[in-house]
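Below you'll find the structures, each written out as structure tokens.
Below are two complexes that have chain A in common, paired first with chain B and then with chain C.
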Partner chain A sequence: MIEAPPITLKLDSAAGEYQPGQRLSGHFMAEGAVPWMVRSAELSILWYTAGKGDEDFAVHHFERFVDEPGRPLDLRLPHRFATALPASPLSYDGRIVKVCWCARLRIYPQQGPETLTEAVFRLGDVSAAPAEA
Partner chain B sequence: MAPRLRLFVKKRGQRRTGSRWYGTLAVAALDLALVAIGAAGLYWLLAHVLLAEKETYGWFAWAAIVIPIAPIGYGVTDLIVLVWRNLASTERRAAAVQMATDWELPGMGPHAARTSLPAVPPIDEVVDSAGVRLAYRLPSDAASGQMSFALTFVSVIWNTLVAGFVVSLVRDYYQGELNWRLAWLVVPFALAGAWSVFALVRQILLTAGTGTTLLEIAEHPLYPGQKYEAFLSQTGRLQVRWFQVQLVCEERATYPQGTDTRTDTAIVHRETVFSERKFEIPPGGAFETHFTVAVPTGVMHSFSAAHNAVSWMLVVRGRMARWPEFERHFPLYVFPLPATPVAAATAISPRRIEQGSV
Partner chain C sequence: MTQSNDMNGRFPSRHANPFATCWTRPGALPFQFPTGVSAEQLVVQLAATNWRGEIVGPHGSGKSTLVETLKPHLAAAGRSLACITLREGQRRLPTDFVRKSLASARPLLIVDGYEQLSWLSRILLTWRCRRGAAGLLVTSHTPIGHPLLYRTRANLQLVEQLVSTLTASNSSPVSAADVVASHACHGSNLRELLFALYDRHEALTAAEGATARTAAAAPA
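== the complex of A and B ==
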């Protein structure tokens, strides 16, 4: 079985902190000299909930890169992405409800299982919930 | 050692005890079986009944065709959903749903005239109700009304059944055929019925006796770090021991536990914005006051998703002489602060040429 090369998924903001309406940009690429044969790659900017409840999530930005005969998908080349972030929901670290934002890269290789890489970031500057109200 | 197979144990949490492919295959097999049963039924109905020679049925008989078509439709639809779920990632499916949600159907116009933010509940319920002293009258949540309705429903059904038993027992008693075991068996049910009547009367008296609470606010939605003028009116012939209005933020999380669905709540902010002790509301009069609601800086906005929520509300609490403590909730909507000019400018700036930057 062909082993997946290391994947780089980086946001341009080193701090990983954004404000509503701000532009988020970054890039992803696979490291290594040998081309990695992949069927497709999916890049999503999304929020999801963590904590006690079932997970809710919504995709804000979605891009799909497909390996086609005329346009082979070479992940060794950096693929850039950018989007304007929405006004809500803001990142939140509550007591039983947490809202997290991330850029998520899902790669479907031609052989082997899919790989998942995430780069988390914060949207807004909401304080964490106090331990006791 | 492999865990022993246990058939009659309630499963807790969301951990998976086997491969998800077993479940997928089982659902696919069930769907195919439904389609096969429906197809066989449809063939039999057409070949042997509706289109059979020497048999004449009216148009009404053709309505029976719905019976075999229903499992075919259900099976095919579920198969398509199953294939879509297994071929497309959760993000791709969510993006497709999001795109479909954003479509505007012909003739329906925009979704809402007011500002709509992702995962923030709409404020239409509040801003559609104008206040008398201030701009908006806050609607009370329907909890006490729902409680009264539920108690009435349970009380009527329960006591009707108990009354039927009691009438039957009384008739048996006068006929000298009373079954004492059955009579004793009815006693706890009758006591439960009496308790439901007591609880209903208490609920009605509490709702009616503590009068009407009216809350109005000058602006809506609210924003973190801002102050808002509010107005309170409390009617009823009451001797008030203490009376409070609190600004409350509550987290709510829904999750499955075994076959049950549970909801947990956590109060993450509670602040008394108005408090008064020992005063009297005269008959026909009302206690009226203005106060200020300050939403703290850096707090979470109202958030609403299928299983998780963050809700803001004004809670009116009080204790009247001869009455138990009461509490009424008035939902508020706190929106995230609008994007700053700097952030907005960044958002509309042209995309940089990134060649060679990585």
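== the complex of A and C ==
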């Protein structure tokens, strides 16, 4: 089986902290000297809930990069993405439920299983739930 | 395979708690078979009883997880799966569920929470499956008259195995003693047990964070 090379998914803001309406940008690329043969790569900016109960999620931004005749998808080159972030939902680090934002990159290689890479970030500055006394 | 950036510890993320629903719901966590039992073996056993069987076990003991684990193996055996999960008090199957299910080739109906159905609905379903040459796999808290395929139980060894699997990729300050205490409290109800460990993880990480903030604020 062909092993996936290390994948870089980076947001331009090193702090990873954003405010509603702010522009989020970044890039992704695969390392290695030999091109990795992939069918497509899907980049999403999304939020989801995580916790004890039912889960929810929504995709805010989606881009698909496809390997096509005449336009080969070479992931050794940096692929950039950008979007303006929405007003809500804001990130929240609760004890029962957390609202989480991330950039998620799903790569479908020509051979082998798909890979998933995430870069988490925070939208807004809602305080975390306080510790119990 | 999932790779993630180094902001996971700082920002809300599903990786923050290994006992969150996304890691523990049926299908996310494979059923932990005891030694000598496998999904393939259960499919062979179900085929031998003319694709009729029941998975029996107490609330939260892993019946739905076992069903999710069996599904790809049942499909690979050539069965067309039609699945439904019944909720508390759902005494009848939705209109058309059985008719549409029986229209497919080599159907196998899977009813999770079969004991919710009324006596009459069960009789009718069993009869229609037999008449339509369809298989029927059900889960129930108590035996209800179909051939027993598997009885789910959650002993301490299984719980420890599950916790070990869950914390392999997302670490937790939850200790072995916490796991033993949760098992003593919740018995074989894995769902409640994992919720309790979720809460314990949240309490411990919040306390760790408070201690770290106090130490950082203290004068040198």
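Note that the second predicted complex is superposed on the first by the 130 of 133 C-alpha atoms of A that agree within 3 Å, B and C clash if a C-alpha of one lies under 4 Å from a C-alpha of the other, contacts with A are read in each partner's own complex, and residues count from 1 in each chain.
One rule holds for everything that comes next: a residue touches a chain if its C-beta (ideal position, glycine included) is under 8 Å from a C-beta of that chain, and two chains touch if they have at least 3 such contacts.
Predicted model, so just to flag it, every value in this text is computed and none were measured.
A.B. asks: Putting chain B and chain C onto chain A via the overlay, clash or fit?
C.D. replies: They clash.
A.B. asks: What is the contact status of A:16 with respect to chain B (first) and chain C (second): first, second, both, or neither?
C.D. replies: Only chain C; A:16 stays clear of chain B.
A.B. asks: Check whether A:115 is in contact with chain B, with chain C, with both or with neither, and answer first, second, both or neither.
C.D. replies: After superposing on A, A:115 lies in contact with chain C but is clear of chain B.
A.B. asks: Go through the superposed model and pick first if A:51 touches only chain B, second if only chain C, both, or neither.
C.D. replies: A:51 contacts both chain B and chain C.
A.B. asks: Which of the two partners, first being chain B and second being chain C, lies in contact with A:100: first, second, both, or neither?
C.D. replies: second
A.B. asks: Comparing chain B against chain C, which has contacts with more of the residues in chain A?
C.D. replies: It is B that touches the greater number of chain A residues.
A.B. asks: Just chain B (first), just chain C (second), both, or neither: which does A:86 touch?
C.D. replies: first
A.B. asks: Just one of 42-50, 60-68 or 168-176 in chain C runs into chain B once the structures are overlaid; which is it?
C.D. replies: Superposition on chain A puts chain B right on top of 60-68.
A.B. asks: Where on chain A do the contacts from chain B and from chain C line up?
C.D. replies: Shared contact residues on chain A: 10, 51-55, 92, 95, 99, 129-130.
A.B. asks: In their complex, what parts of chain B are in touch with chain A?
C.D. replies: So the residues of chain B in touch with chain A come to 89-92, 94-95, 98, 117-120, 249, 251-256, 264-270, 298-301, 303, 305-310, 335-336, 338-340, 342-344, 346-349, 351-352, 354, 358.
A.B. asks: Tell me, which parts of chain C touch chain A in their complex?
C.D. replies: Going by the criterion above, the answer is residues 1-5, 7-8, 10-14, 16-17, 20-22, 195, 198-199, 202-203, 206-207, 209-210.
A.B. asks: Which chain A residues qualify as touching chain B in the complex?
C.D. replies: 10, 19-23, 25, 27, 29, 42, 44, 46-47, 49, 51-60, 62, 64, 78, 80, 82, 84-90, 92, 94-97, 99, 104, 106, 114, 124-127, 129-130, 133
A.B. asks: Under the definition above, what is the set of chain A residues touching chain C in their complex?
C.D. replies: Chain A residues touching chain C: 4, 6-7, 9-10, 16, 48, 50-55, 91-93, 95, 98-102, 113, 115-122, 128-132.
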